Structures are given as C-alpha cells and as structure tokens.
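Look for chain A in each of the two complexes below; its partner is chain B in the first and chain C in the second.
Let's look at the complex of A and B:
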C-alpha cells in the first residue's frame, strides 16, 4: 500500500508530536516543543503563500502581532473571553490582510518584499507607540485561556506546559491538514499554476489577483493564530512579536525546510527553533549562524532541506 | 519660520545619507537587477571600522580611508561568495540571500566590534553655523557635500568613461554586453566595490552626527530603498532627489506630526509610491518579458 504525501505527512507529524514527550527529561522541553509547533503553524501559512503561490512576505510577524495583541487586549478592553479574542484576532488579521493585500499583491518581487516589510514594521510601530491601549514597548499581560480549567473539571488535569504542548500540537495538525487539503483543491492548483507562470495561469482562466489574495488572507490567519497561541502560553506579549526579525525568521524557517512542502517547512521551523535552544552557549553567534544558513540554503538547496533530501534519496533509488 | 528652516536643514542632512544609500542600491540594481538588502550594513561598517581604527591610533582621515577600502572589499566578497553562485535564482531566493548576508554581517560586526554606540570627532568641529535663524552643524555640510560629490562623480563615470558605459551596457543587456567583449563578471565586481565604498563613505560622514552601532544598517537599508523607489529604481538622479525628499518628509513629520511616527513616513511613502506611480519620479517604465 502506498500512502499519499498528505496522509504520510500527517501521520509522521502526529507520531512525532505524540512520541517525542517520552524522551523529555524535564517540563522545560514541553515549552520548547510548544514553541516549535507555534512557529510551525505560522510557517505553514507561509507555505501556502510562498510555497504554493510563489509570493514573498517579509511582514507576516505583523499578523502574529495582531493575533497576539487581540488575545491580550480582548479580555481587558472588550471583556471578551480569551478564546473569542483569538477568533477576533484571526478575523481582524483576515480583514486587514484583505484590505492591505489587494493593492500590495499587485506588486512583484522586491517591491512586494519591501511593501510587506513596511507593513510589518508599521504594525510593530503602532503596538509600541500606542501605549495607552497596548501597554507600549514594555508589553502587556495576557489572561489565561481557560481551556485547561475546563479540561480539569472534566477530570483531565494537565500541567500548563503539557497542556500547551498538546494544544499547540493539535492546532498544528489541523493547520497542516487544511494546508494539505488546499494543495489539491482547485484554489491550490490555481496557486501552483501562477507560481509556475503567471501569464500561463491567466491564459487558462485563473483569476490571479483573487487567488493570490486568498493565499495572503489564509496565511495571515495562520500567523495570527500562531501569535495568539504564543501570547496565551507565555501569558505576556511585547511588540517584538510583530518585529522585522520575527518576520525574517519565519521566512527563513520556511525556505530552510522547504517552502514547497508542509512537512519540510514545519521541519525547518523545528530545527531553527531548537538550534538556538540547544546552542545557548553560542548565543553570540546566533545572528551569524542564521544569516549563514539563509545564504547557504539558498545557494545549495534552493528548494529547502527536506525536498532536496527527498530528491537525493529518490534519485538513488531509481 | 526659523522652526521650518531648522526642520528643512536637518531633513536635508538625513536625506543626503538616504541619497547615498539609494545611490549604492542603484549601482548594484543597474548592473545586476538585484536589490541588495545588505546595503545598510555597508554604512554601518564604514562608521564602525573608522571608529575602531581611530581608537587603535590611526589618524581620522587614514581610518576613514581604511574603512572605505575594507568595506569595498567586503562588498566584492559578498558578490563573489553569495551573489555569483546564485546567478539565475528566482527573486525570492535572491532577497533571502541578501537579507541573510545582512544578518551575517551584523552578527559578525557584533562579535568583531561590540554592541555599544560609538562616534568619532566631527571633521570641522561641533560649533553650529547660523543660517536664516536656524543652525546647521559643519558636519551636516560635509554630509550634503559628500552626497553631491558622489552623485557628480557617478554621473561623470557613467557618461564619460568607457568603464562606466560598460556597466550601463551590462545593465541593459547582459548577453549583448558579453558579445561585444565586456567582462560582465568584472563589471559586477566593480559595481559591488563602488556601491559598498559609497555606503561606507556615507557611514564615515554621518557617524559624528548620528553615532553608529552594529545594528544601524537595517533601518538605513529600508530608508535608502524607499528613497531609491521614490526617485525611480535604477535612476541615479532619482536616488538623489528621492533621498533628499524622504529626509525632508521625515523631518517635517517629526516636527509637525509626531516624532514617534517619523519612521512610518518612509513606509507610507513606499506604499503610496508603489500604488500611485510604481516607476517612481525618474524611473524608466519597464515591461516584463514573457
């Protein structure tokens, strides 16, 4: 029996999520694992935008910031429960992506890169400057999600790190499943067609502006949800989450693992999240390494680690 | 009125720096169609190397010269090690390569130098000169004069010298340039050296006013890009005018609207220009070949 890429990806992901905790020496590892999953969610969104549709965004941390601050400010300013605040953040990100995406996505290449970069920086600037609402550069406390208490009242008591590990893992699986479904859907095919050649896609009747906008909005929602989850598990958020560096890190994770494949991108998120944690004694070299990885991967493995490795293996087998 | 004059003077100073960064972008963009996001790091290197060479006992002019030469060499290395091996890569890959290179240079600067703010003495003292009720630092005049000199030098280079014409030929059509015997790989080396040297010069000129640190490059690269785009990508006088305009706009935003949002001015300009006139003020209209 041959598994489809979709089932194989989901199966491997699920196995990894369930099995790795057996090797965790301490609760700290659950936190790191949850962080991998959160980055994995945001990066899966970038797979849809960059991997499928071939559009670059250097401003997706802006959407993560919107999601994070929605979950932080919804409960305090609008007295919404945190869970609804997450949805509000996702809806707000989708709306902003829709409004901003329409003009921005007419741009190509460098112009698109700089326009999205500018968008992300504007978001982080607003979050840092409007301290009356957002708490300013020092950040703001985030309320408890409440789901853990609900589970406890049902008899399932989980420690916070374990809960967040499991919850982020489930959200990542759902996100990956949706992204993989999209791949084979008519929209997914249209996106991949325009990635190959925009002109060719147009000639066969793809509504290019509409499908790129769809990809942009969907990827913004992924980033927003990731931002919300990050804020909720840290119980604290600062404007850094919307910053330039986080946008760049997300893109690097995606292209490092392989922006064209959901599993590859999540793998890239895993490696680049774990690396700084494992090499804390090399903390000074973090930027140096990140930059070097970006350059080397783009020169030697343009498709990213996982697709290049798979090609190598398949090439040998054939 | 003196208030407005003050904003205009400080805007022109900052604008001259943006113009220098934008000129650096323009040279590389013209030779290779690549937007080098590491352009701001050249400015940082120019300032930092001068600071440390001066601290090590070198006289200021020698330290500045050393900084420009070393930065130009780093520019050439960037081209040879990161850009040339990736020739023909899609734009997304090239964007990631130059951003990666900028992060790498920043990381290296933080290790080789330090994370502190630095400056060195201004070239002609720090006594402000009164102009129409406002004041200007002598160093600001150096910055503005430097930008103008570089612009005129580049203009002469690109219109009057054979080498300059070879660069223009390469930018117009790489293959055709090769066919008439132009060594295009040497043109690329030259462009990166020139662009990095100009960036370093900007760093040398402005450090006594704005100070420098390992991470000043990102913001400058973005502003320089905004300036280049405002003037029209690939046009040297566009870069000059775009830079000065952006500097003025920022100074006026800071003065009359909000200093917190002065950096937002650049990005709002980028977005507005992109939507209203994507080819900028002086840019040539480009059509995409299919």
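Let's look at the complex of A and C:
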C-alpha cells in the first residue's frame, strides 16, 4: 500500500515528536524542541501563503507579536483566562490581516515584500512605544496557561519543559494536518493555480484577491498562535518577537527547507533553529558557517532541502 | 440576438491603435475564426473579450448582458473560457490537478470545510476529479494524468489547456492558436475536437495561423489587419476577397514562393 503524502508527513512528524526525547541528553533539549515546534507552526502558515499561493510576507513576526501580547495582556488587562487570550489574539490577527491584506495584497513581488516588512516594523514599534499597555521595550510577564495544572489534577503531572514540548508538538501536528488538507482541496488548488499562472487562474474563475486574502489571514493566524505559545512557555515577552529579524528568519526557514512542502518547511525550521546551537563550538565562526550553509543550499537545492532531496531519491529510483 | 457580440471594440497602447472599431458576433454552435498577419491585434482582441485588458472603446455583450471591462473570473462565472497563445499552464501541478483547477467554479466552497477535510469538501473535490478524468480521457491525456504538467511536451500542453478550458463547461470558448507547434496528427485531433465542441452548442472563437484548419472548420471568418476589421464572411467569400488576399493570404503565397525559390 502506498501512503499519501499527507499521511506520510503526519506519521513522520508524529514519530519524530515522540521518539526524539529518548535521545535528549538533558531536560534543556525539551525547551529547544518546543522552540522548533513553535517556529514550525509559524512556518507552516508561510507554506500556505508562500509555498501554495506564491505571495511573500516579510512581516509575519508582526502577527506573532500580536498573538504573544494578546496572551500576555488578556489576563492582566481584560481578566481573560490565558487560553481565551490565545484565541482572542488569533481573532485579532485574523482581523488585522484582513484589513491590512486587502490593500497590500494587490502589490506583487518585492513591492509586497516591502509593504509587509513595513507592517511588521509598525507592530513592533507600537509594542515598544505603547509602554503604558505593553510594558515597552523591557517586555512583560505572561501568566501561566493553566492547562498543565488541569492535567496534574487529572493525574498527569508533567514538568514545564516536557509539557510545552508535548503541547507545541500537538499544535504543530494539528497545524500541519490543516495545511495538508488545504493543499489537496478546492481552495488549495486555486492558490497553487494562481501561483502557477495568475492570468490562467482568473480565467478558470478564481477570484484572486479573495483567495490570496484568505491565505494571508490563515497564515497570520498560524503566526499568531506560534507567538502566543512562545510567550506562554517563556512566561515573558518583549517586542523583539515582532521584529523584522524574526520575520526574515521565518521566511528563511520556509525557503531553506522547501516552502512548497509542509514537511520541508518544518524541517527547515528545525535545522535553522538547531544549527546555531550545534555550531557554537565554532565560536566566532558560527555565523559565517550558518551563512555559508544557507548560501550553498540555495545554490544547489533551489526548491529547498526536502523537495530537492526527494527529487534526487525519486530520480534514482526511476 | 447573438450569444456573444462585440461592437466597436478598440484599445490603444501608448497612443498606438492596437485594435480599432472591431465588431462581430457569434452564435451557439458557431466557429468564428479571427485571422490576420502577425501584429494584426488578434490576441489583443481576445484579451479584451476575456477581460484581461480593459477596452478603450466599444462594448462586449454576453448572453444579453453588457460585460465590457468585467474581470476574467466574473466572465468565467458567465460561461466564457479561453486558452492562451503562449501557454499558461499550472506547471507545478499534475496534469489532472490542472484540469481539476479548471473546475474551480463547480468545486469551490468554504475554506474552513477545505482545511478540516469535511465530507462536503471531499465531495466537491471528488466530483471535480471525476469530471477532470473524463476530459483527460476525451483529449487522450489520461495516461499522463499524474505527471507534473511542467514535464510534458508543447503539443500535449496545448491539449491540456483545452481540457482545462472545457472543464468550465463554457458557453463561449476562445482558443488562441490551439494548433501552433502541433504536428499534423495533433492538428487533426484538435480540428475534430473543435468541431465536436461547437456541435454541442458552444460558440467557439478561434485565432489560428493554420489556414487549412481555419478554412475547413470555420462557420464565419473575421479578418484583421493593423488592428482593423478588413473583411468578414464565410470561408469561401473571405478567401476570394482581394483585400484579404493582399493583406494576408497573398503574403503567405509570397512566402511559399520564396520558400520554393
């Protein structure tokens, strides 16, 4: 029996999430793993926007910032439980993406890149400057999610890093499942069609502004949820989360691993989250090596690490 | 009243009249060919009719409704479909997916249902896939269904574009040089296909350089030169028209003579 790409991706992801902890030398690695998953969630959103629909955004950290600050400020300012604050952040990100996306998605290529970059910078500046609400550049404390206590009261006691590893892993799996469902659905085909040829997509009846806006809003919600999870597990957040460096890191992860493939992009998030940690033995040459690896992958594996590797394997097999 | 009628259509690019005051109409089941030398404005005319360009003057009526300047996806909703002279294939998708995407208007639905893989979404996808497979069979592309479209030959992609355009179940079908780059056997297949589609009641608009094909299947021919309509009529009348012979057919005859010499 042949597995579909969807089942294979989900199976491999689930196996990696469950099996990797057996190789962890210390509990610290649960934190690293959770960070990989959180980045993976944000990057899966970019797969929908960039890999499926062919639109670029250099401002998605802005939505991560909105999600992060919603989970921080919801409990303190609105007396909401943290879990509802995450949903509020996602809804707010969706609304802002909808309002911002309508005018700027008419732009193409690098014009869109610059416009989204500007949006991200705007969000991080608001977070840094509205210190009365956000705590300013020094950041703000984040309440405990409460789910861990709930599990403990049900008899499942987990240490914080283990809980966040497992919880982020589950959210990542759900996010990947949704994105893979979309790929092979009418909406997903419309997005991929407009990526292939916008004029042809229009002539088969695709309402291009509508579906690109849908992709933008969905990817914003992914980034928002990732931002919320990051804030909740760190119990602290600063405006850096919305900074343009994080936006660019997310796009780099997606493109490095393969923006057209959910597994590829998550793999890219994993490599680029882990590589800096693995290269620390190179001390001052760490950044140099990281840059060199990225340049080489892009020259020799333009589709990204995973799709290029798969093509190579299938090519040999045939 | 005609299904599609074009009246006084014109457009300028930077002061140059690309198309000027062109009028004609097409009825269900008719094959109307637009011919003329390179640069006569045939593709520009198609781009206006299909909503890719906004006409500078004139009007387009589809089934009694004024559709001038309407966006391509709204025209698609009203049953107008087209292919492209320079291929516009969804390269990264499989052949089957290309034609399923052609069913977009029939398969589209809630994005939430699509993301959650709900039965309603699966049903829409499945119906589109069945329809797409039938079209691939009809165009002899079924064996290539699961190949990536980018890997196919030019002639095959031409047929794939026709399959995708037919997926829309169009009332009006615009074919921009469907036989360009095809060999004799492929041209004959396309010839037969166009006749079949017209026989089903579709109004076919055809831009084609293969004069044998045009003369054989057209019910009606519109001749353009320098953006203007210089003649119109049935194939026999048009091929006898002295202006047409001078502007177009004659030039071909000369080319042939040069080739012989």
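FYI, the second predicted complex is superposed on the first by the 300 of 318 C-alpha atoms of A that agree within 3 Å, B and C clash if a C-alpha of one lies under 4 Å from a C-alpha of the other, contacts with A are read in each partner's own complex, and residues count from 1 in each chain.
Everything below uses one rule, namely that contacts are C-beta pairs under 8 Å (C-beta built on N, C-alpha and C of every residue); 3 or more make two chains touch, one makes a residue touch a chain.
Here the structure is a predicted model, which means the values were calculated and not measured.
K.L.:
Which partner does A:214 reach: the first (chain B), the second (chain C), both, or neither?
P.N.:
After superposition on chain A, A:214 lies in contact with chain C alone.
K.L.:
So, A:265: does it touch chain B (first), chain C (second), both, or neither?
P.N.:
In the superposed model, A:265 contacts neither chain B nor chain C.
K.L.:
For A:125 in the superposed arrangement: first (chain B), second (chain C), both or neither?
P.N.:
After superposing on A, A:125 lies in contact with chain B but is clear of chain C.
K.L.:
Check whether chain B or chain C contacts more residues of chain A in the superposed model.
P.N.:
The partner that reaches more residues of chain A in the superposed model: B.
K.L.:
Kindly classify A:199 by the partners it touches after superposition: chain B alone (first), chain C alone (second), both, or neither?
P.N.:
Both partners.
K.L.:
After superposition on the shared chain, which partner residues are touched by A:184: those of chain B (first), chain C (second), both, or neither?
P.N.:
Touch status of A:184: second partner only.
K.L.:
Contact-wise, after the overlay, does A:113 reach chain B, chain C, both or neither (first, second, both, neither)?
P.N.:
Touch status of A:113: first partner only.
K.L.:
For A:291, using the defined touch cut-off, is the partner it touches chain B, chain C, both, or neither? Pick first, second, both or neither.
P.N.:
first
K.L.:
Once the complexes are superposed, what residues of chain A are shared between the chain B interface and the chain C interface?
P.N.:
199
K.L.:
Could you pull out which chain A residues touch chain B in their complex?
P.N.:
Chain A reaches chain B through residues 50, 54, 56, 58, 103-104, 106-111, 113-115, 117-119, 121-122, 125, 129, 199, 244, 248, 251-252, 255, 284-295, 298-299, 302.
K.L.:
Enumerate the contact residues on chain B facing chain A in the complex.
P.N.:
So the residues of chain B in touch with chain A come to 35, 82, 85-86, 89-97, 99-108, 110-111, 218, 222, 225-226, 229, 260-261, 263-264, 266-268, 270-271, 274-275, 278, 290.
K.L.:
For chain C, which residues count as touching chain A in their complex?
P.N.:
Listed in rising order, the residues are 50-52, 71-73, 75-77, 81-82, 84, 88-93, 97, 100-102, 104-105, 107-109, 111, 114-117, 121, 124-125, 128, 164-165, 167-168.
K.L.:
Where on chain A does chain C make contact in their complex?
P.N.:
Per the stated touch rule, the residues are 178-179, 181-182, 184-190, 192-193, 195-197, 199-208, 214, 218, 260.
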